[in-house]
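Look for chain A in each of the two complexes below; its partner is chain B in the first and chain C in the second.
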Partner chain A sequence: MIIPRMIMKNAFRRKVRTSLTIFAMAIAILAFGLLRTVITTWYLGLEISSASRLITRNAVSLIFPLPLSYYDKIRHTLGVREVSYGSWFGGIYISEKNLFASFAVEPKSYLDLYPEIVLSGPQKADFIRDRRGFIAGRKLSERFGWHLGDVVTLKGTIYPGNWDFVLRGIYKGRDKNIDETQFIFHWDYLNETVKKTFPSMADQVGFYLIGLTDSHMSADVAVEVDKMFKNSPAETLTETEKAFIMGFISMIEAIVTVIQVVSFVVIIIILAVVANTMAMTTRERIGEYAVLKTLGYSGLNIATLIMGEAFVISFLGSLLGIVFTFPVAHYFSTALGTYFPVFYVKSSTVLFDLGVAAIVGVAAAVIPIRQAIHIRIADGLRRIG
Partner chain B sequence: MNMDKTPPIVEIRNVSKSYRRGSIPIPVLTDITFDIAKSEFLAIMGPSGSGKSTLLNLIAGIDHADTGSIIVGGQDITDMTETELARWRSGNVGFIFQFYNLIPVLTAFENVDLPLHLTGLSKRQRREHVEMALHMVNLDDRLDHYPGQLSGGEQQRVAIARAVVIDPVILVADEPTGDLDRKSAEDVLNLMERLNTELKKTIIMVTHDPHAAQRARVMKHLEKGVFNSI
Partner chain C sequence: MAVPLSYSFRNLWTRRLTTFLTASGMALVVFVFATILMLAEGLQKTLVATGSFDNVVVLRKGSNSEVDSGIERDKASVVETLPQIATDKAGDPLVAKEVVILITLPKKQGGSSNVTIRGIGDDSLQLRPQVRLVQGRMPRPGLAEMVVGSSLSTRFSGLIFGSYLRCGLMSWRIVGIMDAGNTAFSSEIWADANQVMQAFRRPVYSSIIFKLADVVKFDAAKSLIEGDPRLSLQAKRETKFYLDQSEVMAKFLKILGVSLTVIFSLGAVIGAMITMYAAVANRTGEIGTLRALGFQRRAILLSFLMESLFLGIIGGGLGLFFASFMQLITISTLNFQTFSELAFKFALTPAIIAESFAFAVIMGLAGGVLPALRASRMNIVESLRTS
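Our next item is the complex of A and B:
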């Protein structure tokens, strides 16, 4: 067909201009893709959160602990299958730049409640058996070159002092959404040491994790648990894992909103760039479009030519941008692993990029098409020569 | 009025046309009535602004008259919509422009093939038609050349091949030699003359050039929107 051939030839008639526009589009899509990835990364925790898990924390704030004595009461609440507990440790490895998520947990129940953490049978048994043992995510152990049996010392920030641990297991995520940068060790080890050094902080936990017999009972169980500790010195707030994570995200919602706005501003800018290219192109070719109309080509044919050219430019730029996004995202994942433990380009982001390319292609062509279709043939022919 | 016994291929009745400059109407053609016989070679002459190109545009169906009627090949094109006119032009009118107006990204072959894409011809049939048209204008060896690789005269011959390839009812030519040197202009006029005498094509040519106009069989002179001599 002559129209597709003309579209391709027209697109590369002004090679420098087209190449620069494609490059600009690629950079915009790269920026858009990375910003979208940052946003999806923040919401990743929501996707992997389980509907059959609840988190109980101090009703005043997460930074206030709860007594360990709540364990038995929660465990015997109707609808509760399993209970685990833990505390945020906040350890530093060698220097402050090596900050990662470190938790003290009751290991057996915790691993039962989190089947997403995949650990081999022997490693799991070794970890549970050794009170000074810890497990680390694959990425974390790779980052610091830790091997099984290695002794690793963390400097406590909440619990002062140097804490020695023995690496007993390296876990993998069940899927790639799972954070593989965590450091998990025995709550008992923490508590025993705290009993000696800071007795007032002993027998207290940061949170309880509740596994339900039936996910439909989450609301009832949450109400029941909180009711048990009403008017106690440490009232509780029990919520689903999803609500708990959403609470964290809402703290940084303004930042997420700004990133979303910036990502769309990038698209508006590139839309203006492509639209400008198409406007210049159409102005230059208005005589040719008049000739085609003279020969009997319809307005739809002319629109197809212009729209097709805009699509070629926006899609080539978009594809180039998508190709760039993967290595750049990988670099970000490596360089910013502390802030974004899980950072990868989702297929939905790629589809979003292609959708943006389609929108840019259509929007950039609208005004030029209008001009080309509505110009009188005689006026168009007069522009030649 | 044309007194030829053959029925007219173009019938123009009381056609007027004006353009607006702001709110002021500027009359371009005033109550024009005339016929063009089948297989005629008509030259329309006149000074700039006399309305000759406007008249050609009306006959070719690329502009609408304000009043009057235009019948070409038995079809009244006066009240056709833009879409109907486009369809009509694609099968009935061959255009030759002053600046050739070839599409620069298409080869000579593809330029001539352009109007045939609007017909129902197969690819093989189109190829035969294009090769025949380019053979007729002596450009068999330039099929794969782009307009930029051809001289002005050659480009105009490609444009003529593009105009005749659909076997149109009328050929309209707006200053076809206006951008050519004397030798190329002579070649183009010879070609148009051959189209008229050998293939019996009806040609309506607008020109400033008296030498070109002399090659036509009928000459009309337009001034201030009215014919003042035949």
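Our next item is the complex of A and C:
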């Protein structure tokens, strides 16, 4: 029973040093937690994507459209339950700094395919009825103070001109990880206007979304759809939503890798600080360890003492860091909302933090333990300071 | 009288392990700080070097990148006749009407990414003096031929000199490899504009690039283009155009870099503080002796500050030393704004060296101030007694 008490006494003998170390540990855990949150945020899209939805796009690349005439052909493919389609609009609201995603979609089938977009009954009906209507995510409408019935004008980057829309609904995400910053409106509205101004761009859609009767059929349906349009002017590439989003992530892989590397550097920095503290502490107490050995304490007891002290410091620090991670992450999600529409700390991140604390505790104690165990009693007693 | 510098220095040497751990903590912080600045700088440098100051890019009004833009042939021929355009030896205007599209290609290391194909005109090469053919020749007008940027041919599979690339229902022969140094053109594929428009069924150009006869005539050309109600086009200097394309990425990297460094540096300052407090505590007797020998409080303060300054300098030097090796690495990633692959290098500039070093010194000093103050305030008699 005496060992735990000795550990606590030892840990707080040098109050300034221990509290500084704990503080440094907390800061590092905070940084580590934030970086992990950035990485998990990147992969969030993957998590919410469904394996029972397929995305069909032009095989050449995303910027090329597909003809609207594919709609009926895809709908009659075996295993297809529902088809929706849409185009990326890329609208600018007032200034280019106000970044958010804007899509034109076929509203009824789109909302059917995406049950995670939660819209009240009357708002849904209003939206579907009004061709100029649009729905916006809760966060987006809060950011710009839009209310139902407001007219919002976007400047088109791909489709030139100013476009007026009427806010007909504000959707919420079914789960925490759903992006609530999207701007969704009628594809028909886009098409009718384009028909008049740029006839060559009319009756073209950016992508088809396919809902399956059975998610096991995804591979078959994808092959079937692509086969149908093989050797046509617009060949298609159909993949599950997961694969589609994974493709996006792999394009920015380099950045994700940089962040991952940096988060490991953080661990090394913490390790240096805590190991330094432990090294100094042990050096100062070599004499004491010699006394303990004389009293009959085994090497294992002394190892427990040092390891325990390292653990007390690293775990107190990491707990403090974890507590701070939440408010800081909240601040980031408001400051960086344009880059990360959804930004929150996952429970796996907290587990990672605790894992790091354990690793740092063990690694910081290893060298001091070796020194303390191997020193001969007479040498230890002779040494001063 | 001041305490000799060697006292501070030898003290660090005596406690090598602790000095090493503290300095390496700082070195890592400086390394991260410098690396992220270098990344943002490299990205910007690449895109700025891509543009020439006397070239003008014309896009459709409202579009942010060449891929969004579209310029009908009749509008293009209006722009071609602007009086501010420079002429070549034969007296023809130096103008290139180009079409830019993206295609998805598989990467060698797995995955795939978007690659820019630029349909070029006769003058395109002349307008970009940075671009150099390293192998083969330029594509001939009217043939399905391509030249591939050197960054692409090393990173993407199938882009080998002499082989064929199938896309847009056509088979393109790769007849050349071009190198444009650290510019975005090294990450592009060039082919004849009319061939690209036909193969990918694009009836319109994406952009028009021309060289100004006189650098100062940009405003005149700009107001002619933007003031013409038939056109609804916009004109930008090429340098500005490419700088704008790096904005979102560079800002993202800088925010990431600054917030990380602030957090890290707090950690490193605390590390230095722990080390310096220990240094003071262990040498209470020595400090008393020094004071008894007649050294002033100020001298003691200065001596301990010097010690932590050395720590900072060692850390900064080490961090920069390792960061400088990052210049050998090329990063290839998707630019959020143009939605296409771009390769760039970490760039170390004198400004970054100075900033990182100043940062390291400040970290060292900040960590040393409180411990040094404690050392200087010690009472002679008491400190001599504790030893």
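As a working rule, the second predicted complex is superposed on the first by the 383 of 385 C-alpha atoms of A that agree within 3 Å, B and C clash if a C-alpha of one lies under 4 Å from a C-alpha of the other, contacts with A are read in each partner's own complex, and residues count from 1 in each chain.
The criterion applied here is as follows: a residue touches a chain if its C-beta (ideal position, glycine included) is under 8 Å from a C-beta of that chain, and two chains touch if they have at least 3 such contacts.
Given the structure is predicted, the values throughout are model-derived calculations rather than measurements.
Clash-free side-by-side placement of chain B and chain C is the outcome of superposition onto chain A. With both structures placed on the common chain, the touch criterion links A:294 to chain B but leaves chain C unconnected. By the document's definition of touching, neither partner reaches A:219: not chain B, not chain C. Shared-chain residue A:268: touches chain C; no touch with chain B. By the touch criterion defined above, A:339 lies against chain C but remains apart from chain B after alignment on the C-alpha atoms of chain A. When chain B and chain C are set side by side, the one touching more residues of chain A is C.
For the combined arrangement built by superposing the two complexes, chain A sits at the apex of an angle of 90 degrees to chain B and chain C, based on C-alpha centres and given in steps of 10. When the two structures are aligned on the shared chain, A:376 is found in touch with chain B, with no touch to chain C.
Judged by the touch definition given at the top, the superposed model places A:151 against neither chain B nor chain C.
By the touch criterion defined above, A:9 lies against chain B but remains apart from chain C after alignment on the C-alpha atoms of chain A. Once the two complexes are laid over each other on the shared chain, residue contacts for A:60 go to chain C alone; chain B is not touched. Smallest inter-chain Cα distance, chain B versus chain C, after superposition on the shared chain: 12 Å. When the two complexes are laid over each other on chain A, chain A has residues 385 in contact with both chain B and chain C. Within the complex formed with chain A, the residues of chain B that make contact are 53-54, 57, 60, 62-63, 82-83, 86-87, 89-91, 95, 97-99, 101, 103-106, 110, 113-115, 117-118, 162, 179. If you check the complex, the residues on chain A that touch chain B are 1-2, 5-6, 9-10, 13, 287-288, 291-299, 376-378, 381, 384-385. Listed in rising order, the residues of chain C touching chain A in the complex are 17-18, 21-22, 24-25, 28-29, 31-32, 39, 60-64, 67-68, 101-104, 107, 110-114, 167-169, 200-201, 203, 232, 248, 252, 255-256, 259-260, 263-264, 266-268, 270-271, 273-275, 277-278, 281-282, 331-334, 336, 339, 341. Those residues of chain A that touch chain C in the complex are listed here as 14, 16-17, 20-21, 23-24, 27-28, 30-31, 34-35, 38, 59-64, 90, 92, 96, 99, 155-158, 160-161, 200, 231, 233, 247, 250-255, 258-259, 262, 265-266, 268-270, 272-273, 275-277, 279-280, 284, 332, 336, 339, 385.
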